[in-house]
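Just so it is clear, A, B, C and D label the chains in written order, and each chain counts residues from 1 on its own.
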Amino acid sequence: MIDYPFLAFVAFSTIAILGSLMVIFKKNPVASAFALVAVFFAFAGLYALMSAHLVAALQILVYTGAIMVLFVFVIMLLNQDRPVEDFKSSSGTFKVISGVAVSFLVFLFVKVAFLARGIVPAGDWTVEKMEEQGGNVKSIANALFSDHILQFELTSFLLLGAIVATIAIAKRKGSSGRTAP
Amino acid sequence: MEISDSLSFLLTLPLFAMVLSLVVPRAVQRGYAIFASLLFLALTVYESSGILFATSAATAARFAVEHQLQWLPQIGAKLSLRLDSVSAWFVVMNALTAVIAFSSKGVWYRKSPKLFTALGFFLLFGLNTAFLSQDLIVFYLGYESVFIPMIFMVGIWGENQKASAVFRFFLMSFLGSILMLVSVFFLLSRQVKDGGAVSSHLGSLIPVAGGLPELHAKLAFFGFFLAFAIKVPLVPFHSWLKDVYVLAPFPATIWMSAILSKLGVYGMIRFVMPLFPQTMGTYQGVLMAIAACSVVYAALLAYRSNQPKALLAYSSISHLGFVMLGVFTMKNQGALSAIFLSVGHTMVSALLFFLLSKIDERSEGLDLGVPRGLSQQFPVLFTALFVVMLASVSLPGTLNFAGEFLVLLNSWPVSTLSTVVAGFGAVLGAAYMLKFYQQMGFGASSTDPGKQGAHAEDLSGFELVLVFLLIMAVVVFGFQTSIFLKGN
Amino acid sequence: MTMLEPWMMLVVSLVIFGVGLFGLLVRKNLLVMLMCVELMLNGVNLSFVAFSKIHNSLDGHLAVLFVMTVAAAESAVGLGLVIALFRTLKTVDSDQIQILRD
Amino acid sequence: MIITLLVFLPLLGFALNAFYHFNSAARKREPSVWVAGLIASSAMVAAFVCALIAWARLKGSAGVGPVLEESLFSWMNLGALHVEFGYRFDRLSAAFTLVITGVGALIHFYSIGYMENRGSARYFCYLNLFCFMMLNLVLGSSLPQVFLGWEGVGLASYLLIGFWSKEMANIAAAQKAFLMNRIGDLGLLFAMFIAFKFAGTLDLARLAGFEFRPDVATVFGLLIFLACTGKSAQIPLFTWLPDAMAGPTPVSALIHAATMVTSGIYLLARLNPVISQSTTVLLVISAVGAATALMAAITACFQSDIKKVLAYSTISQLGFMFAACGVGAAEAGVFHVVTHAFFKALLFLGAGSVIHALSGTQDVFKMGGLRKRLPFTFWTFTAGWAAILGLFPFSGFFSKDMILHEALVAAHGNPWVFGVLAFSALLTAFYMTRLYVLVFFGESRLSEEAGSHVHESPLVMILPLVILAVASLAGGWFGVPVHLETAHGEGASSVSPAVIMALSLLIAGVGAFLGYRKYSGTIQVEATKDPFRVDEFYGAVVGRGVKSLASFFGRYLEDGFFQKILQVSGAAVDLGGNLFKTVQTGSAQGYLLMMVLALLGLMFGLVFGVNGYGN
């Protein structure tokens, strides 16, 4: 019997890791951006594998649909769609230290993750229970709009603030916004 | 003991007044500041009236109020406020100092008055936090928060060359307080090691400090001691003081000498004494010698100063030496006398700087080099100054005399030599205060009255009433000492 | 039964996080750096969901929703800043942007 | 409540005059001397009446050492310390109270005339304040209360010496008086601490009955005596008194002759039982008293300022009183206090009258021949002169004679003390006659200007002089019974009082004769000089010592050492700052790497359990 979920996991995680490496090593920001899109899709797959369907859907909607479009748009706007050699501009030592530090850090995180196993008491929101409650989306929505309603409302303020801030920052001084940059 | 949350008003009201001061128009800012601080003083006295006016120590203890709020459970910090016969005096003094400081020299209102008032109320808040808190972390926060308004006040409204003075002030005070924080954390870590619940409440730290090995106890003690010795300041740690006092605007100087220095006194009485009685006992001789040297050394330097603000700054160190002498007796009576004298010192030093600010408004430059004969021009102002000066040299019949007398009476059996040395400081005190007064008040009037312009009026109105009431308090409490001593 | 275990997801998430961090450290292009931040956030998201699965809890999912909101806001403001910076400094190289130093 | 009333009447006068002063100042009006003076004087007269009533009651009450006691409130209660604020009126206090209120009232009246054009309500304020404090001193029931009066009179003395505050010389004199007194006060303060430590009380009555350990009694006695030397201008703290003459003359009469300076005698007499416990203390007191009497008398012979002569004479007479206390005859000292108060106040007021008449001239070599032009002043001054010389039947005769007798025969009597005192008495007669002759006899040496409007003083000044002259004449007779009684009590002594009386009359006669011989003919102007130069010595040693100590501390410690520490710490901070500045590259990624490394360290600690937190 073929273990489809495992195969899917291997495939998605490979795409994600390779994609993320491409994000940081591609010289052209546009290439990076498209690699990132691939990573996002792979992530959506991973979420789906863990029965987190709502998150998977939002991953595609928000990240791929909104954020990445924004990125690509800005890249085009700033004429950055050409290769840059900036990876080479940091010194070798810096790169080596960074690499070693980061990989060590990741190793430690993994170790912590295993150390921390069993410390947090298990809840009762098993996949089966979620299905009983009307599915993943409904369970989350219930939690979101009852217990976490305050945080939810606060995020709306955050978004509003971000919108205002972005307009204020990106707007050209003295211009009414009609003239193209 | 009554559990009440009315105590938190002592913290929230200054904050409220601070916010409100940003809304109040500039023109009525001074009136607002004085009015609000008077109101706050009345409230503080009302809140602590049960303690202040109790006839015996036992009654006062019954009126003590404690109030707790959970704050940072992870490090065991609770917002634990306590108003008892120790803190009540300091809280009242704090409110009183604010009234005097806000009523002092009006020149600063020309430049950003709103900010000044707001800073003043923030100072009130920070000091009350420190004076009320039973929790060392919260105490530390209050203790440190006082820097912010102080540095702004000196920095914005101070005189020239204030940068290095502010820097020193910050450097030394911060050095001390950071060592104190380290000591607090050290005690907390001992708690963790001992496996008990982590709490920075004084009550739960006392057994921890008591169980420390000798060397550790000494180190922790020095962390606390240094912080408070710098704050008071005691003599080897005083070098930040003069320049800051001189360059700060008058209200800030009033605040520093009248109440900020009391933070050190309060910390020593409230925290160091119960936490490290043994270590303090070991070093008692040295501590008393330091206090006595503070008295004499600062008095000599005051005698040498020709700048009235510097002279009063040194005199403040000198008098606080007496207070610390009382604290270091490590006896209940000594500490009571020290609190008593602290109240006197708060009133008198605030009044001295206040009156000096009034003189400053009315004359060109303050220099003790030549006699100025101002007392004929401003008889009321100089009469007030004279009486306050007498209180400062602790003439019998004033609050300061009773305090100083009791301090020395209690320190005499503990360390006769230190007491004798400090006693000579009292003679020097008379010498420099007389010099201070005489050079400004006496001699042929050197300034042309016409030159003084609009400021050439004598003390009057609200200021006169304030000064008169305070002087009356200094005299009346000089005889009615039972309010402080409660038949102990 | 499948061989897929949630802790494998954790490893993937940490690797992605690490790659993102490394990129943030070594790349100089602000746009790429912002992308690296997104990578790191995604790595964290994945671990949230994985922990959620491990502990049978909904909190992880909720956290992911909030992180996504923050990420959206962050990238919007971040990109706005990049535009503004590009207008004034004509570059998106982080090494060139040191006007706050000294 | 008669005692409390008596003490607080001057305070009431003080308050009224203060109000009057500020009220006039606010209306930009000169306060009237008559209004202010009458307020102050009537307060004093009322206090004198109260004192007489209290004295009558005291006489009426039976028992040995009758006492009137009034307790007002509890002043200080802390631990074992209980200080009551109250008054106690016994024979000793009565003597002082009567002198203070009686002579005080006269001087208040006199001041109205003397200060006519120069005074203000302020002056009478201070004068009343002084009387209030002085009464607290002699009537207070505990040492702290005595201390209140003790420092309070010092304050009033300061204010009155420096009354003419435009002259910085006056202020300097006032300051000197205050500071020297403060040094003495320290003795009293420390004595209180010792008393509290060993006797556990500061109440005067209980303290007087306490038996101290011998060494403690010595230290206590010496500290008390130090306080007395300050207030009563004895060696070594006497140099302020001549300078104190800078104040208005009635002030010199009241404070620096009649009352304040005798408070040392009061304290010694009050604590006599304790003082007598140590022979060392008694020896020191009698030696210092006798030495002061001699030294001041010698100095007085070289003074040309009329007030300075009287000032040194006061110091000398105080020396007599101390010597009396020292030989164990405190009552003789107190007796002399009373008579001295009469005649020295009289002499000062007479001198004031002369100065007033000559519009401020104080140099005796610029006077002369005033006998005719100032007849009332002359005759009353004569009474004072006779009294201080000790001529029979003037009061000084009885008291001085008593002291001389006691010096020889009392329990701690000593022929040396007697000899020195007798010689001082001779000198007293000499310099007083010198003064008397120079001022009132011979040719007029007045300057043109001063001579042109010499006038006898107004009635308000003359009347007190006359009353005091009568008191100087009669005052001695009150003490006679006591005198004889003591003389008989010492029946074992080999020297009869009569011999001493004759001897002291002889001494006075010889002194007066010498003085008259030397100054009745042509006058050679003598420059003032201080043969002992103690004042200059203090200026050079103590004054300069304190100053140089201050500047040493200031220069080397405050501006040197502590500044250096600050500089070093500042430099250390700078160094640290520069060190860390190299890390602050400004590159965001550099900072980020540091964050990562720090995080790495933290994680490392967490995972591998540094400090035991990992498990």
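Definition applied: a residue touches a chain if its C-beta (ideal position, glycine included) is under 8 Å from a C-beta of that chain, and two chains touch if they have at least 3 such contacts.
Note that the structure is a prediction, hence the values are computed from the model and not measured.
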Legend entry - Chains touching both chain A and chain B: D
Inset, instruction - Return the distance between the CA-based centres of chain C and chain D, expressed in whole Å. - result: 87
Legend entry - CA centroid of chain B to CA centroid of chain D, Å: 36
Legend entry - Centre distance in Å when chain A and chain D are each reduced to the mean of their C-alpha atoms: 92
Legend entry - Separation of mean Cα positions, chain C and chain B [Å, integer]: 52
Legend entry - Sites on chain D at which at least two other chains make contact: 589, 593, 596
Legend entry - For chain A, residues contacting two or more additional chains: 90, 94, 98, 102, 105, 109
Legend entry - Residues of chain B touching at least two other chains: none
Legend entry - Pairs of chains, among all present, that meet the touch criterion: A-C, A-D, B-D, C-D
Inset, instruction - Enumerate the contact residues on chain C facing chain A in the complex. - result: 2-4, 6-12, 14-23, 25-29, 31-32, 34-36, 38-39, 42, 45-47, 49-59, 61-62, 64-66, 68-77, 79-84, 86-87, 92-93, 95
Legend entry - In the complex with chain B, residue positions of chain D that touch it: 22, 25, 73-79, 81, 85, 144, 147-148, 150-152, 155, 162, 165-166, 168, 171, 175, 178-179, 182-183, 186, 189-190, 192-194, 196-197, 546-547, 549-551, 553-554, 557-558, 562-563, 565-566, 569-570, 573
Inset, instruction - Show which residues of chain D lie in contact with chain A when the two form their complex. - result: 589, 593, 596-597, 599-600, 603-604, 606-607
Inset, instruction - Could you please specify the touching residues of chain A with respect to chain D in the complex? - result: 90, 94, 97-98, 101-102, 104-105, 108-109, 111-112, 115
Legend entry - In the complex, chain A residues that touch chain C: 3-6, 9, 13, 16-17, 20-21, 23-24, 29, 32-33, 36, 39-40, 43, 46-47, 49-52, 54-55, 58-59, 62-63, 66-67, 70-71, 74-75, 77-78, 80, 84, 86-87, 89-90, 94-95, 98-99, 102-103, 105-106, 109-110, 113-114, 117, 120-126, 129, 136, 139-140, 143-144, 148, 151, 155, 158-159, 161-163, 165-167, 169-170, 172, 181
